[in-house]
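Please read the structure below before turning to the comments.
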Amino acid sequence: DATLDRIKARGTLTVGVILSGAPFGYIDPTSQTQKGYNLDIAKALADDLGVKLETVAVTPPNRVQFLQQGKVDILIANMQYTEDRAKVLDWVPTPYDRSGGAAVGRKDSGLKDWADLKGKPVCVSQGSNYTQPLIEKYGAEVKGLPSQPESLLALQGGNCVVAVHVGATLGLLLQDRPEDWKDYAILFPTELIPSDSVIWVRKGEKETAEALDKTIRQLHTSGKLLEFAKANRLSNTEYLEQERKTLSASK
Amino acid sequence: MWDSGITSLFVDLTNRLGLNYEFLATGYEAQIWRDGFMTTLYLIALLIPVSLIAGLLFAACLTSGRLWHSAPVRAFVEITRNTPTLVQLMFSFLVLNTFVSNLVGGAQNNPLTPFFWVVAVVGLHIAALHAEAIRAGIEAVPASTVEAARGIGFSKLQILRYVEIPLAFRASLPAIVNNLINLVKLTTVGNAIAVSEITYASIMVWTQRDNVVSLMIVILLFFSIINLVVARVGLWVERKLAVPGYGL
Amino acid sequence: MTTVALSEPRKSGHLLRNIGFAALPAVILLWSLADLTLGRELVEWLPYLASGFLMNVVISLSAMTLGTVVGTIFGILQLVPYRPARYPVVAYVQAFRNAPHLVLIFATTYIFPFEIVVFGNYLPFPDWLKTVIGLAIPASAYVAEITRGAILSIPTTQWEAAKGLGFSRSQALRWIILPQCLRRSLPPWMNILASITMGTSLASLVGVHELLHAATDASTAVRRLDFTIIAYIVVMAAFFTLCYPIARLTRRLEQRFNAGPRI
Amino acid sequence: MNTKSDDAIVRLEDIHLSFGQTEVLRGIDLTVNRGNAVSIIGPSGSGKSTILRCINALVTPQRGRITVGGTRVDQLATESERIALRKRVGIVFQQYNLFPHLTVLDNIVLAPTRILGVARGEAEKLARELLEKVRLSEKAGAYPGQLSGGQQQRVAIARALAMKPELVLFDEVTSALDPETVGEVLGVIRDLIRDGMTSILVTHEMRFAEEISDTVVFTENGRIVDHGSPAEIFHTFDNPRIRQFVGGLAGGRGTVRTEAVQELS
Amino acid sequence: MNTKSDDAIVRLEDIHLSFGQTEVLRGIDLTVNRGNAVSIIGPSGSGKSTILRCINALVTPQRGRITVGGTRVDQLATESERIALRKRVGIVFQQYNLFPHLTVLDNIVLAPTRILGVARGEAEKLARELLEKVRLSEKAGAYPGQLSGGQQQRVAIARALAMKPELVLFDEVTSALDPETVGEVLGVIRDLIRDGMTSILVTHEMRFAEEISDTVVFTENGRIVDHGSPAEIFHTFDNPRIRQFVGGLAGGRGTVRTEAVQELS
């Protein structure tokens, strides 16, 4: 359909990626290029389609806009599958990761579970899909900051009891910068709405989704995804390993 | 506040114009959005007196003729006028606030909220502009009028209180009203630190619903009306204070 | 006596201003030297930040150019005697003079398409260009007001003299009135320039790669709290170094025009 | 009433003009012959400036005929026709009205180059000649703000002459000047008139009007109440009103001015 | 040099004052007795205003003694001491005296209520009496901008009197006025002096100085070059400089002013 034709006609695949931090997406200072797990997937998809890759940095507030306007062809932007999103967009059925939100907070905060957040200030990125469950399910008082660094600074400044972001990012952060974060920990054992990270396309672009789905499956079975994940130090690769097994088996 | 019947009628009617206000019929988004208006109004209502009082203080320091009063204010005025308010706000909220927390022995003791920081940064920024306007007004008071007051036996403070400030205020009123209009516009930067004013609330809504145009129309109208009111009130005060034969 | 009292702080104020000008860069330098690992990170990121700041300058200059051209025309239109031409312009100026810059930037970024079709060709319409328009709109409204005020402030005798020499209305405007407006409106125009330049940082909130956004990118990648802080100071220093001289120059011009014998 | 002659360059016949309710001109008849100088004197508000502005098509009368060198000024319909007329009729006002953003030279050169399309070099040559004539050669590069009132007024005259007009109108060109500089401006005008320039002057300088005019016209209340040679107007005093007017002025500032005038002659 | 008397209310002895490099007063000696009126005349820049400002402690001389009713003005150390002095010595300046944002009544009432702590009602009663004295009763509610220069100056005098000063200083109070309104202001001052008010006047109105002064002082270049009774100063002309000065003024605007003065007497 339209998108797939255009990608082929132009010879480029335009991917919206989010630079919310390692391991998914960030800027490498020395080469000043975008790096991360999402970027690796994007590259693999473009290679498979036989076109060049073009990436556009998106933010949670503008990513859906960009996709719907056609500024990007697909989104690989830490966007989990939700029913609300499925109403307005189409998606690639096979997920490339599964993740949920983790809450980082002070070790001495005494918070044990998501339910403890009731009435407490919680920092997220603006447009994060954790907003709705945090408000509606747990009754937290959500504060959306422009992006993750601001959210984390706000946490350290004491403006919220926890900051909720994608688990893998937080895990890696705490691991890499123990000095800055020695009083902090991932507080809850469970992840918030653990759901499948999928690639999103415009509504009605079924063919594009199917074409990409094939590639993603291949990446799973060939072990490429797992490889990318390891290269980018994704903390939790359980899902990927399992997916690789099931997909290989079904083949 | 909004009767559900009216809401759905409104949503229906606007839908026919191609506008999307469906979120008004739902739960937390509608709530956030409505609260956004109130927060903006509350911010403005708080900021106007704060900026005026701080502006007066700054102006007093600037015109005191004492270096240790005027120099810090001068420095502040220059910095606040020549760096983006957005950056000031993020810096204050994310950096200064942390210092404060450390000073008072932990974040839990820190009473300063994002709301406070918006009021502080925007308020002081506009106060700096007020101060410049008032200073210009004070300098425009004829030296001989001041000397006449001195000759009668007024003290420096009394001259400031009874002669210079009333005259300077009148002279600088148009500039002050202009600053207040800027103040109203500046409240929108609050969204960067999660103060749930109207733009923040709208971002929360449109990131989920792709109804930017619909929300934008309302926001633009909203600010136009507020600023119309501010300008009108300013004009009214100007007329009220107008003295025959003085100034414009 | 008052004059004697006034001249004193002015002299020391001058010194103070020049010290103040170097204060922010000095903080950055000292801190970087005190913590060399931080300094190294900063140096590594400086080219990236500079590329971001270039975007601020580009946006600001483009928006001012566009805003000045449109605003001057609108300022003139606000004074034409034909209502159908005047009223829409007056409405435009009033509406956008009062609209927050941020809202206009959001509006233009989200409402305009990402590309436009011209004779079947797809021309990209990048975000920074949308921001240019978002800032050019209020700039044009301010410039229109300045232009209108400046034209009105030219004594009617100048129009009369031009007419007496045989100039038509538009010739008089072009050769006699507007050149005089130029000097009068230069200081307020420069105030707008500064305000728009500072407004460019708002573009970070819609994801344009400008300085503040670059600083956020850097902070995200470095993941050091002290780096995030110093990045903010760098951002402030950059804007200050750009805007402060403009502000000083503006004030100098204002004083000269107020004191000067001509105009 | 007026001397009708074929050599007439300006002819006003029964001009009536009102601004809203106020009748400013109530039937003006006036003829000016080529090479002549006509002075208009009269009390303030009597319509002197308005007569000049009618001749230059800056205002249009409600009734009457105005002919300037064959053109029916009252019938000019479009702005461009009026502009064409103004190129032929120079006017100098009480407030010197120089363009403050241009040098003296540029003030003079602007109109010829922009309106007549004269080449810059040629226009400058003429401008320098005119500056010589008004004795301001050394001020070519100065800005109006750097000149005295009298100097500015002389530049304004040069600027009007640069369009090579057939006729120049002077509207109280010395009223806004300080007494010391009145003489120099009048001296310049005297030279121009002696060189044969056709001109109409509104002035309060009685001695000057007497000296240089071929005809003097006395206006009051929008009417020309008397006219004739300077000798008739200033020395016969048939009209008690004129006696009073001229006497009053002579007693007041007239004395000071006369000295200034004589100094230069 | 000065008549020393125990009734002296003001005594200046060898006052020297410089602003930066410029020596403005170079040894002034002056005595004013209670109930007397002293006029200071002299060319512009000769230090007349500065003398008044010294007496009122608005400036402090570098050398010399100033005594005002027992107070050593030159030795006042704090601003509050100087303010205490100023309550006893009224001063009226040439221009911009009144507070433009207050009505005439409020202008007069402000100082007594705010500085002396007089009750508002009482202060208003006094203010109305004073307005009567300066013949402006009907203007109590007007703003300064609505008054003529002469009326403003009379209000300024009333305002100075509202503090019930022992002494009033007038610094060229009529210099900024148009000729018509000079007379009314001088008339008010004349009445005050006839009622026994002690005053020092700097003025250019020679006839007026002659008429109302007990002593006239002529200053030049920061020195008092002559002093004496009006008759001595104005008619003897020992000093050729004074003759020239007084003659020059009388020939110019003096004539007009005199008429205005006489009109009111």
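First chain written, first letter: the chains are A, B, C, D and E, and each begins at residue 1.
Just so we're on the same page, a contact is a pair of C-beta atoms (placed from the backbone, for glycine too) under 8 Å apart; a residue touches a chain by one contact, two chains touch by 3 or more.
Labels paired with UniProt names: B, C = Amino acid ABC transporter permease; D, E = Amino acid ABC transporter ATP-binding protein.
Since this is a predicted model, take the numbers as computed values, not measurements.
Undergrad: Moving only from a chain to one it touches, give the least number of moves from chain B to chain D.
TA: Steps on the shortest route: 2.
Undergrad: Count of steps on the shortest touching-chain route from chain A to chain C?
TA: 1
Undergrad: Could you find the two chains linked by the most C-beta contact pairs?
TA: Chain pair with the maximum contact count: B-C.
Undergrad: Can you tell me which chain is nearest the middle of the complex, judged by mean CA position?
TA: C
Undergrad: Please name the chain that ends up farthest from chain C once chain centres are defined by their CA atoms averaged.
TA: E
Undergrad: Provide the C-alpha centroid distance between chain A and chain E, rounded to the nearest whole angstrom.
TA: The computed centroid separation for chain A versus chain E comes out at 85 Å.
Undergrad: Mind checking the centre-to-centre distance between chain D and chain E? Centres are C-alpha means, answer in whole Å.
TA: Measuring from centre to centre gives 50 Å for this pair.
Undergrad: Multi-chain contacts in chain D: which residues touch at least two other chains?
TA: If we look for residues of chain D contacting two or more partner chains, we find none.
Undergrad: Going by the touch rule set out above, which residues of chain B reach two or more other chains?
TA: In chain B, 90, 94-95, 191-192, 203, 212 touch at least two other chains.
Undergrad: Which chain C residues touch at least two other chains?
TA: Each of 110, 204-205, 228 in chain C touches at least two other chains.
Undergrad: Applying the document's contact rule, which stretches of chain B touch chain E when the two form their complex?
TA: 142, 144-145, 147-156, 158, 162-163, 166-167, 170, 241, 243-246
Undergrad: Tell me, which parts of chain B touch chain A in their complex?
TA: Going through chain B, the ones touching chain A are 27-28, 90, 93-95, 97-98, 101, 106-108, 110, 113-114, 191-194, 200, 203-204, 207-208, 210, 212.
Undergrad: Spell out the part of chain C that touches chain D in their complex, as residue ranges.
TA: Going through chain C, the ones touching chain D are 157-158, 160-161, 163-169, 171, 175-176, 179-180, 182-183, 260-263.
Undergrad: How about chain D: which of its residues touch chain C in the complex?
TA: Interface residues on chain D, with respect to chain C: 56, 58, 79-80, 83-84, 86-87, 90-91, 93, 95, 97-102, 110-111, 114-115, 143-146, 156, 159-160, 163.
Undergrad: Under the stated contact criterion, what part of chain C meets chain B in this complex?
TA: 2, 5-6, 8-9, 12-13, 16-17, 20, 94-95, 97-103, 106-107, 110-111, 194, 198-202, 204-205, 212, 228-229, 232-233, 235-236, 239-240, 243-244, 247
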